[in-house]
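Look at the two complexes coming up: subunit A is in both, with subunit B in one and subunit C in the other.
So, the complex of A and B:
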């Protein structure tokens, strides 16, 4: 590994060389430099394969100085949404949660419900602004159809994926204690523990745990005991054994990489989303930096626009891409990259969009279908005493006992995240709390301070992630009327939240009300300015929901080509040298955040590819 | 009292002085670091930070060696907390200054005793009336002759070797290993503190202090491949970075953006007593209490409760925030100087 392989400038130089050399053939072309693409590139390059990674967005966060500029972008942004540190490149546009409010933006939303999530097209992908939750899926999530008669079954089970979950936890660097996570049927192989100890629970986790732990609720006639548990986090904590926590990416050579020891532990900066200021939270750039750099070429600002296929065999023969220099100008040059194997790791929506734009939708209409998310509710209230709000990572624990159970035959499972950031996400506190006190109550001076000191630390917020099933009614399509500046199609989204999920929302609402009542929390949910969240009605109740950024299902895996896009190895049924990876591969998503599972699947696919490509 | 215990007492005293010496270098760097305007001087910020965290590592390493021979490192109380101006054994005087060329000159001198600079006289405009008396470092009072920091540590290593030879290595390193600070609770701070349990690990720890700090000026890079402290500061002095082929002279690489005006012009060697304004006084008292609380946590960590470092992290954030409150405020006298953190020991909690 040499220093000159490591800068964004170099990526450009490398690209020019490759172009001038004409059609250089690689072993594998990977489309997308997010977590899935980075993990596969790391594994393949270490196995000796020549890998080209094409990233549609710029690589502005790659250098330490560049990352710092994104941090400044966040500091100066008026609104601190998930995208505030990561402005879009015009030629690789991306959805923004503010679009849901405005009705405009990258997605063409056909309804009936709004799809509320966003992602980032940049080297590092959406891991640049994820929260870092690394829950495994439950064994029953893989067998939903056979166990409960709803959703779909996976073509592989939990036990088959378990070794890859372990690998993914070490690649990402997950902090958790097996002793706390071993429930709901989740099994760990003997002697295993996470690479780092759990992140210490926040004060609010402890206060709520004291109030809620052991409380019993009934769902579908079955009793469940609730417990506040830390969730596994992709944030650095105290290492176990000889594990070395991976801090900030700082690749300046010649003794100048002075920031590399930043972020070796989470310091509780409370800005996980949209940007961890010290890179204590995992992002995919860390994995890319660990690839065997002699075997890796990364070209950024390279938008893959078409997959070229041999019409007889279905074999992929190349990918066309558009290279731009200035993200603000649609000027670009066209190129083709060729390899033996191809991996689409561009995102659940982008993978589907690219396949459709290449005329590879297939006959079974499965491609693009099944778009899922975790439509999530907020529940918020005032605790009788301080919970120390606005301190620590945005969230460190949750209540996940209702992720599994026979009630899933009737309605969706759900999970509560406990926020450490007061009502920031729900009402815009603390600013709005101040504004309301000044303009609403006419407070100032000592009485204003007293009011804020008495109020803000008591703000409690839950996020309630609700399961959604694969449905052919929910899909990503393209329409020649809607194109982006480079002439590529924009995603057209049909999205509906069905009764299964809505009934889950209703059950979740009943449970949070019981918890609030037990903990003496005065419910403030939906009182006040939550008006911009999209809503969905069910049995006379209205739920305001938001997206969790958990796109999935658009190229689901299955046991046959008849009703799925890929097999258990994430290989396209129709194109034997093409792999579609990421959460688009999920036939069900349960209630776990998708990153850890898609990372495990990617590592499994990398292993299959290494075997197959030989060497 | 037999000679063995006299020798041991001397060794412990030297190591205690080493802990204080490393501690005393931290506030001057923090003043320069925190005086930088937000979103300015990114490279300078990174360089000063990278050096100050290594000084923290050195303090931990010195405490580990002291603990290994059964000592009890102290960093609280008036007799152990550094006061400024602060004179080191080699005659260098540490002042608390904001980010300015004079501060960098001082840092260059601290990091390389051979560096010839015009020492700031008490009549320098920056110091006029701000250097009434100089406090001698404990290390300065117990060394028989003016000595470089390197020579100071060499005496400790020699003493350890002698004591190991006379009393036996096992008898010398009889400290409780549970008192060692390891990477469990110390991180992101210039390296990994190794536990000290015998002569070899003690020598390695002290050599790392000398290496990273004053160092071997023949090489520009330390054993980790990082540019030495002295050379990092030279980059700021000249506003240029070193290229791989540069020799130890003037750097010839790309320009570094150094903006001397983008820093709060803190008064030199601030003291709580300087602040007649009650709000500034209260802010200074709060900063001093937080500094003292942090030192109590460090002392607990060095004396059998290494997990106390967990809570020292938020304390460091608080200290920074309180320092920024002071630094952002001009003094009411109207001479354009700003307040700053005094880093004084506060007896009351």
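So, the complex of A and C:
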């Protein structure tokens, strides 16, 4: 199969007809062309298996020209949020953080708290606008119940996953130094290091490190010394050894790839989210492009609507999907794809939704339950001198010493990201800083210019990711009253931020205030334009939080069918040839951004599938 | 530049307001047309950036077109005239950071003040901000008067990025590791 089969635009009617008359059965059908699906497709095709990937959204970013049109969307978008470069396709709708404000949108939010995160349904998935942080989970995150008496245990431990973390770091292309990351119990196998050296710290990281490093705080009676650390990032840096950084994907019908030399180093575009202009940051299209293309078929604009199951054995016999041409028109054709094995890699919410819509919720009501996020706080202020804001990858370092410890028996762990983009994420700066000076303070001319030059470079922002535990009260369900243009259910979300997380927010707030004070940062948190963030109250305090896009827990893994949806291999307990992959599989979140861990789990699942399919 | 353009430039140079007689020939050559030149002078007065810096964004024509399209007929010229009538030396004073009485003549004017502030936002942010309902009721409205980013070029050329000592997010990349460098004006 050649490159031209990869995009819908080049697919001919002949191909489609042969396909949909059932002339061909695949080894594996993968639902969703995001990072999890792409990694599994890459591994399976290289092992010689025939794989069909069905992607609900279009593949508009697959050519570099198409990708650049998304960049223009970002430039001219009035609001520069994570979705601003990636407008939805009507037939594959997606949540938007603006909906949290308006109350409308794709999600039906039943509360009591608003779920604040979004994702993207497009070839490449949400990695098109992820930040790129690739922290491993801590060993203790996998045994939270046994260690601290809260949350759940995983059916596998850190040591079992460690080899797959290494593989995932090489597949994604992660830049970091083991010497800096080896703490909090994180172990690396001997001689290992990341494929690329760490992304250089920003000037802001250096200023804050000088102020904060060595500072002591006490949590749960235990002292912790804080340190600003670079974090592992899926952004291209200086390679180690003979590693070749992977640049932009540029797949054209004529076989040319004009942009392939772009993006082999991060160039400091300060726009990881929503769009890295040169694809120096990993996105799942890179993995898909590396699949054995002779064994791969990708159909975009193909919304899987139902999983077909043999009622006696539980074996999946096919998936029904709806193919549309025009994302704005609900006109579509119906098809069935069949294979020996099936992988749902459609996203934590979409996986659960599809199972429920297929009547496969199971007897114990675990499917869809346990929805988690990192409900996150922003803290922002003005540094006494310039930190060089608005330059560099949106964040290059953080303070992660409070990710683990015995305090986790009482409240959530948390982690601070240091932003390199001033107050952009929190208030909409620099535009809002300008507007406040012009219309609020009445400044113009040289005094305006002087004010902005003295203010903007001093803007500091922390994001505080707070852990959330698995709870059956937080869930994705469906309701026949709420459907999308193709007649598929919209996710109905019940979401509550409990005291365990709120107490973590309280502790995190106290710690950031100590850090700001030590660094001489004038606190501006929750003033001005932050009023739209949803809020949650705790002991007389109000926290304004936002989602981090870290959906998890909706088909959590466990040790038996009684309490979980899948096993440690991400195989459905009820359907032996069905795998549900992605962060929906997580029984705990810890404080890591989920992509690296879900990538490691996907690679582990791919290995199990290859063994089994080869038999 | 054609001979006709040169001639017009020299003529325009002759109309130029005072205080710049030291380099009349250069000024004459650089001038496109008188109205554009007056718009650049007004913009320099409002933004605190020099005429060369503003012209260097390449956005002067786009912004003047935007104003002409969005504002009721005559308002742009009223603003340009109000700026021309400011006391001699007002520009120099504004550039030196002193509060200028002349500025109040424009910024506090109920009709021209909101427009002048929008011109500032246009230059600093690349955005047009919809005028208030009260302003539109009093002075006229246009269907084009909607808040928006004027264009991708305007977003990238916005002065706020320069004021921050930075670059537009998502464009004009500074190169690998540039974010580690000590910002301009910071000692040590």
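One rule holds in what follows: the second predicted complex is superposed on the first by the 591 of 615 C-alpha atoms of A that agree within 3 Å, B and C clash if a C-alpha of one lies under 4 Å from a C-alpha of the other, contacts with A are read in each partner's own complex, and residues count from 1 in each chain.
By our rule, a contact is a pair of C-beta atoms (placed from the backbone, for glycine too) under 8 Å apart; a residue touches a chain by one contact, two chains touch by 3 or more.
Since the structure is predicted, the reported quantities are computational estimates derived from the model, not experimental observations.
In the superposed model, A:247 lies in contact with subunit B only, and not with subunit C.
Judged by the number of subunit A residues each one touches, C leads among subunit B and subunit C.
Contacts of A:255 after superposition on the shared chain: subunit B is touched, whereas subunit C is not. By the document's definition of touching, of the two partners only subunit B reaches A:239; subunit C does not. Of the two partner chains, subunit B and subunit C are each touched by A:265. In the superposition on chain A, A:68 makes contact with subunit B only, while subunit C stays out of contact range.
By the touch criterion stated above, A:393 is placed in contact with subunit C alone, subunit B being left untouched. When the two complexes are overlaid on their common chain A, residue A:430 makes contact with subunit C while staying clear of subunit B. Once the two complexes are overlaid on the shared chain, A:206 sits against subunit C while remaining clear of subunit B. Once the two complexes are overlaid on the shared chain, A:445 sits against subunit C while remaining clear of subunit B. Comparing which residues of subunit A touch subunit B with which touch subunit C, the overlap comprises 72, 75, 200, 265, 267-268, 278. Interface of subunit B with subunit A (complex): residues 39, 42, 46-47, 49-50, 53, 183-185, 187-191, 220-221, 225-227, 232, 241-244, 310, 313-314, 317.
Of all residues in subunit C, those touching subunit A in their complex are 45-49, 94-97, 99-100, 103, 107, 116-117, 120-121, 124-125, 127, 129, 147-149, 151-152, 155-156, 159-161, 163-167, 169-171, 173-183, 185-186. Across the complex, subunit A meets subunit B through its residues 64-65, 68, 72, 75, 200, 238-239, 245, 247, 253-259, 261-265, 267-268, 278. Across the complex, subunit A meets subunit C through its residues 71-72, 74-78, 80, 200-203, 206, 237, 265-271, 275, 277-278, 385-393, 396, 420-422, 424, 430-431, 433-435, 438-439, 442, 444-450, 452-453, 456-457.
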